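Next come two complexes built around chain A: one with chain B, the other with chain C.
== the complex of A and B ==
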């Protein structure tokens, strides 16, 4: 049955592809430059249109030849200082070097002797020229030559490197990625000063032309993995890439699963740690989040701080995190199963207290739990989306009205409110899984209302089998739990001391190479 | 199928055999009325006997490395007879699957959800198993580590909590049952939990390292034997002579737990263990049946028959037994004699035929 549905879906997607073909860019017929500067300008204007932020600055080179030149750039994307000081100034008032329009060497002379900008490229394809112009570079056309110079001059406003908002740490580097791809890659480069760190650029999105950068360490990441990442990225054929989430949904292994199989982070230290384990990172321009593949389920339970603080506390916190995740998906379901099906499991005194508290509430406990869980999700969503001052009002209304008055009015039992409160708090402990958690919680709640503990068990069995069947870019998703491996256990429920974790995770780095010397245990100097 | 690419590793094999035999935690109940307080001795005897037969199965698998039982039959027996034997084997696995399904369903009905109709429970359990089968046997094998860990820790917890209620003088007098009944009990234990591992022969094509499999399976069987022995001794020590009249001793033992009036009635823990281990067991048999049918009828993929087999399983499990007493009686008195043919007679015969054929071949090569 699944296969049938999948076939339908595949069919639909091929349909989509066919219709996409029709609305491809209208190819520019003359997509090479010619030698006449006026024709070139005409062609450029045709493509770029009449937007008023496009500046075409005509000038004449210093010297007797009076050769014409043309600068094309977009006002707000460029750094004006570069344009004025390093491009226009040497061209107009520098030593006269351009004598004749017919001299084919003019481009090289300008490039090597006049411009004082680091990154200058020669280009004659119109598409490339237009694209670089739109991404903030300056294009220099010289009369008489069929090649243009693309001068890197990107500037404009950017949010600087700020402290991470989604993954805050007490101990550890504060910086996080910003929207600018170059800033982000520089943050990564500064962490890993190794020539093996490779950054491969790629342009995705027909209309947005978003720069995407695959970064990995050449000798650590498996070549098949990088090839697969490249293949999946190349297969993306879409209009727009506006956020890393677009890319994620186009390349993930299990698009129908509720679990994410591509991980993301906005902290350079996290990304650096992951690519040092042999993963590949995908950085996307205009997004402060970088993606990493392959992803393992336990990655969401690992915080960078686990590795920065000492092992005992880290391991304790790890266990707390696993526990919280379980509580956050199981607490309402368990409460419903206990009160509806298995009252005998509750100690007698507690049962009496609970019965007294629930006396007179009108709804069965499944419905009660359902209402409360949904209410919680509503409050959470309202709190996130609203402007901060209003958000506070929401939390007051939520806490007072739902928490207090619903109980005192006798609509909801007090134990239910406690259970939902614990669930809510636990769900924030593992922030990356909180969205999956919300869905699982409701499904398990339904199963518990239907069949009690048996229902919950059935749900969990399906969940475990599903997790074990998932793969992310060739790595088993639920590893090191299923399939189990002993070396991976060092970084699961407990976080072994750093000097003990001497090999990389075997599900990602198949060769199990060491990352540090075998005997790295710190020891006091031996007494003579 | 994409999932079929990945082979089962040796350690997964070990955990799979542990989980597989852990399904007997509660099935030990229906032979306790045969052997009474000597059940622990019957477990030991059964284990020793089973070791011989399990070695035969492993030998058979290694001789035809990477071939399933159906393919082995095709090689060893002539034409129609091979097909017939294979078909009967599939039916045998199918019946074990149904029996386990009935047992699980009836157990859940009588201890956890008394007012639910049987078909709801059975359908739900079978749906989950069928879904796992669809994902492939490798996925089930991968999960077994977690499952066997959960089951083993549940046994450990219950044993520790019940420690103060244990009275080892309950084990005496030794060997009060007659020899005949003792052998009968040992036979039941050997055929039902231990030698059902024969079904692993159907998984042989999916096993990565056939040569190294022997160690992991024997280790797994031994570990789960120790667990079974602990359970048997614990139940006898806690319940004493009561054990021969109680339907489900493990369950009753757990009910004895009472610590400060707070930790009481942990029987749900046993139910959870039962569901997990039965899930593994039913899934493996379910897989064996579908895979066997696919091989017998030369289907492209076993996934086509999952739904029909599941529907028949559900129907049969509702119809076969009128009550759990009936199913327990069948399991203790009828089924073992039936299983005798499949577990104790055909595999040794197959092995002997294989040896003779192998020798002939060698002689031909030499001559």
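== the complex of A and C ==
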């Protein structure tokens, strides 16, 4: 049977390869512009099709030459004020500078002397022109010239910079990324005013042409890392990139692991901090989530606020987070293991209370726990998906049915409800790992039901071995825990004072360069 | 991509194969076991074998009385099972014929030996409590005056379960030092020793106001493994002093015939037993160090005791020494080495011990024991007299 499954899998994977071949990008000869404006217009119209939102505006340049010009743009994507005031106005009624269509210099003259727009590029590739047009730029064609001018005129509605919904902080900047890539890069630039901050844009997705931007600090991020990020991004050949998750799944190191090896955040301060540690960020147009690589396991336990508040409380909260994660994956499993296999480990008085609660409940503990854990997942999912007013109804029904009625009807023991409740609450303390936690919780629960504590230990061993074997863009995922790194431990369960964290995480910045002056510890002035 | 997927699939398959190997071995739900809280061993009426009483919890009752918030209900939270049999092991297993659930022993709190049972060969009958992994060696061992099974029918006032109440009692008495707490491990170590005599606290049923209550008092002394005699409270503390197990307690010292007394609180105490062999004759020197405070006195008008610290310390030493000597006298009477002097000599003089071992009983009777007590007074609870007019 095993061999049969393997054969099926082998078949599937070859299948995938074949279709890949067929789907290979066809390298066609690139269309270029010619000097005749009518032909160019015809060609553009062919490509852009008959959509009503595409505007082709023909006009005549001011002056006696009556040289024809053509503006192509998509009306919903452009800022009409720019088109009217800064493009059409100077071209039609400005100083007449275009005399003859044969003048080879016309493009330069328009660009340097007539247009009052900042970002103007010269371009003659049809693909580029079409892409610019579709991204909201305006294309200016001049009769007699084989070069077009691409004038930045992006406009249209964008959600503004709002407070982060997924990563809220008490102390710290509130702003979060929005959907617009340019807004997002601007937020990043404002945080890091350094010429070394490099933004490399590239286009991914054949149908969507999504703009993706690799951002890093030139002398901090390892060149191999940046090269690797470029390579993996370039290897993506797909129809659509609609969210950062698409990119993440195409570039991650361990696609079959349940642990994410690419980190994400929607807060500019988080992304800036990670870039400043030598990581590379990948920002994607039309989504507020940016990715960072390499990712370490402990990153999910670090909140930006840890660094903003003082070290004592931060360290305490870190420990609470680790503890919560353990509770969230282990509590139901441990409860089941104790009550069905190891009753001798429960303190006598507690055992009596638990036995009393267990009296008369019909299901085995493992099933009881399974039902409760699944119920919780259902309630959680319903709470997320439903519109807010209905969501409240769900939570009331959930609390009443699960918390109250199930116990009083004798279907579920009260301790089980408590265990699942603490599990549920704990799972939200480390939000980035809560998806992983849900799966681990159920696996460990199953193991505990089969083999008790032995099962849990087996599961945990496999888990730790797996974690220690993962890598993310060359960095060991479980570092600084394994491979152990003493200086890296300053930022794990204990968050050392900022003035002590002299070097960047060694698994990311391998050169271990200092990021601050030695002896940064604040001291009162010495008495004279 | 294909290959890594295959490995993962293999791993997952292996994982599930392991699961099928194990099954749910040894899994038992809480509502399929009955938790044994106390066990009693008695000699049956007709002589042979053993009569076992097991006190198990009725979880439903615990819940019920919790809900109503009253303890006045007539139903008990425990159920006593009794069974006679030849071997202890078979009898314990035989409980399945009486109970719908399997008996679960790890939470057993007390093992009570009936008086008549204790008089005979104890070791051979409690063997199972050591061999069976379900039993813990931390079970308290007690000896009952009368039948052990009767003890379990006394309904405790504070706790819901008799065995739990007895176990708490043992814990509490250990702190006043006038009774001894012995767990199965200590008991068996003493049984297995060549010279040391096992001890266990006595428990009995007393009538108070028409109600039966349990009282823990005195210490049962075993010779080899049969009950030999009893120590009273004073002698018990004497034993505790020598063993260095006194943790707390009150020492009462009479000052005069007129009822004047002072009561000291023991803060800490330790002891040292140093054996020696002089001229081929073994002797033992016991040093007891005690520190304590004055807790109460009724013989002075002023409250200032600072001037008589030395005197008080002397009084205290006297009492302690008296207790130790009483215990020593009783031990010699019973010819039972409850202090473990034999083991001490064994450790210090292993070669000589080989000769002494065989006639330890006579050697112990003539053993020269020197008792040295250093009692210190830490605080007199000093209150200065307030002078008039100031």
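Basically, the second predicted complex is superposed on the first by the 498 of 528 C-alpha atoms of A that agree within 3 Å, B and C clash if a C-alpha of one lies under 4 Å from a C-alpha of the other, contacts with A are read in each partner's own complex, and residues count from 1 in each chain.
Going forward, a contact is a pair of C-beta atoms (placed from the backbone, for glycine too) under 8 Å apart; a residue touches a chain by one contact, two chains touch by 3 or more.
None of these values were measured; they are calculated from a predicted model.
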Q: Go through the superposed model and pick first if A:401 touches only chain B, second if only chain C, both, or neither.
A: neither
Q: Name the contact category of A:451: first (chain B only), second (chain C only), both, or neither.
A: both
Q: Could you look at A:348 and tell me whether it touches chain B, chain C, both or neither (first, second, both, neither)?
A: both
**Q.** Most chain A residues touched (candidates chain B, chain C)
**A.** C
Q) After superposition on the shared chain, which partner residues are touched by A:439: those of chain B (first), chain C (second), both, or neither? A) neither
Q.
A:34 in the overlay: touching chain B, chain C, both, or neither? Say first, second, both or neither.
A. neither
Q: Once the structures are superposed on A, label A:256 by its partner contacts, choosing first (chain B), second (chain C), both or neither.
A: second
Q: Would you sort A:323 into first (chain B), second (chain C), both or neither based on which partner it touches?
A: neither
Q. Is A:476 in contact with chain B, with chain C, with both, or with neither (first, second, both, neither)?
A. first
Q.
Output check: A:339 vs chain B and chain C. Expected answer is one of first, second, both, neither. What do you get?
A. second
Q | Common interface residues of chain A - those touching chain B in one complex and chain C in the other | A | 2, 341, 344, 348, 451-452, 455, 458, 462
Q) What residues of chain A sit close enough to touch chain C in their complex? A) 2, 5-6, 9-10, 13-14, 16, 255-256, 339-341, 343-344, 348, 351-361, 364-365, 446-447, 449-452, 455, 458, 462
Q. Given the complex with chain B, which residues does chain A contribute to the contact?
A. 1-3, 341-342, 344-345, 347-349, 451-455, 457-458, 461-462, 464-466, 468-469, 476, 478, 481-484
Q | Complex contacts: residues of chain C adjacent to chain A | A | 1-2, 4-6, 8-9, 13, 15, 18-19, 22-31, 33, 35, 37, 57, 59-60, 62-63, 66, 104, 106-107, 109, 134, 136, 164
Q: Can you check the complex and tell me which residues of chain B touch chain A?
A: 3, 9, 11-12, 15, 108, 112-113, 116, 120-121, 124-125, 128, 131-132, 134-136, 139-143, 145-147, 261-262, 264-266, 268, 271-272, 275-276, 279, 303, 307
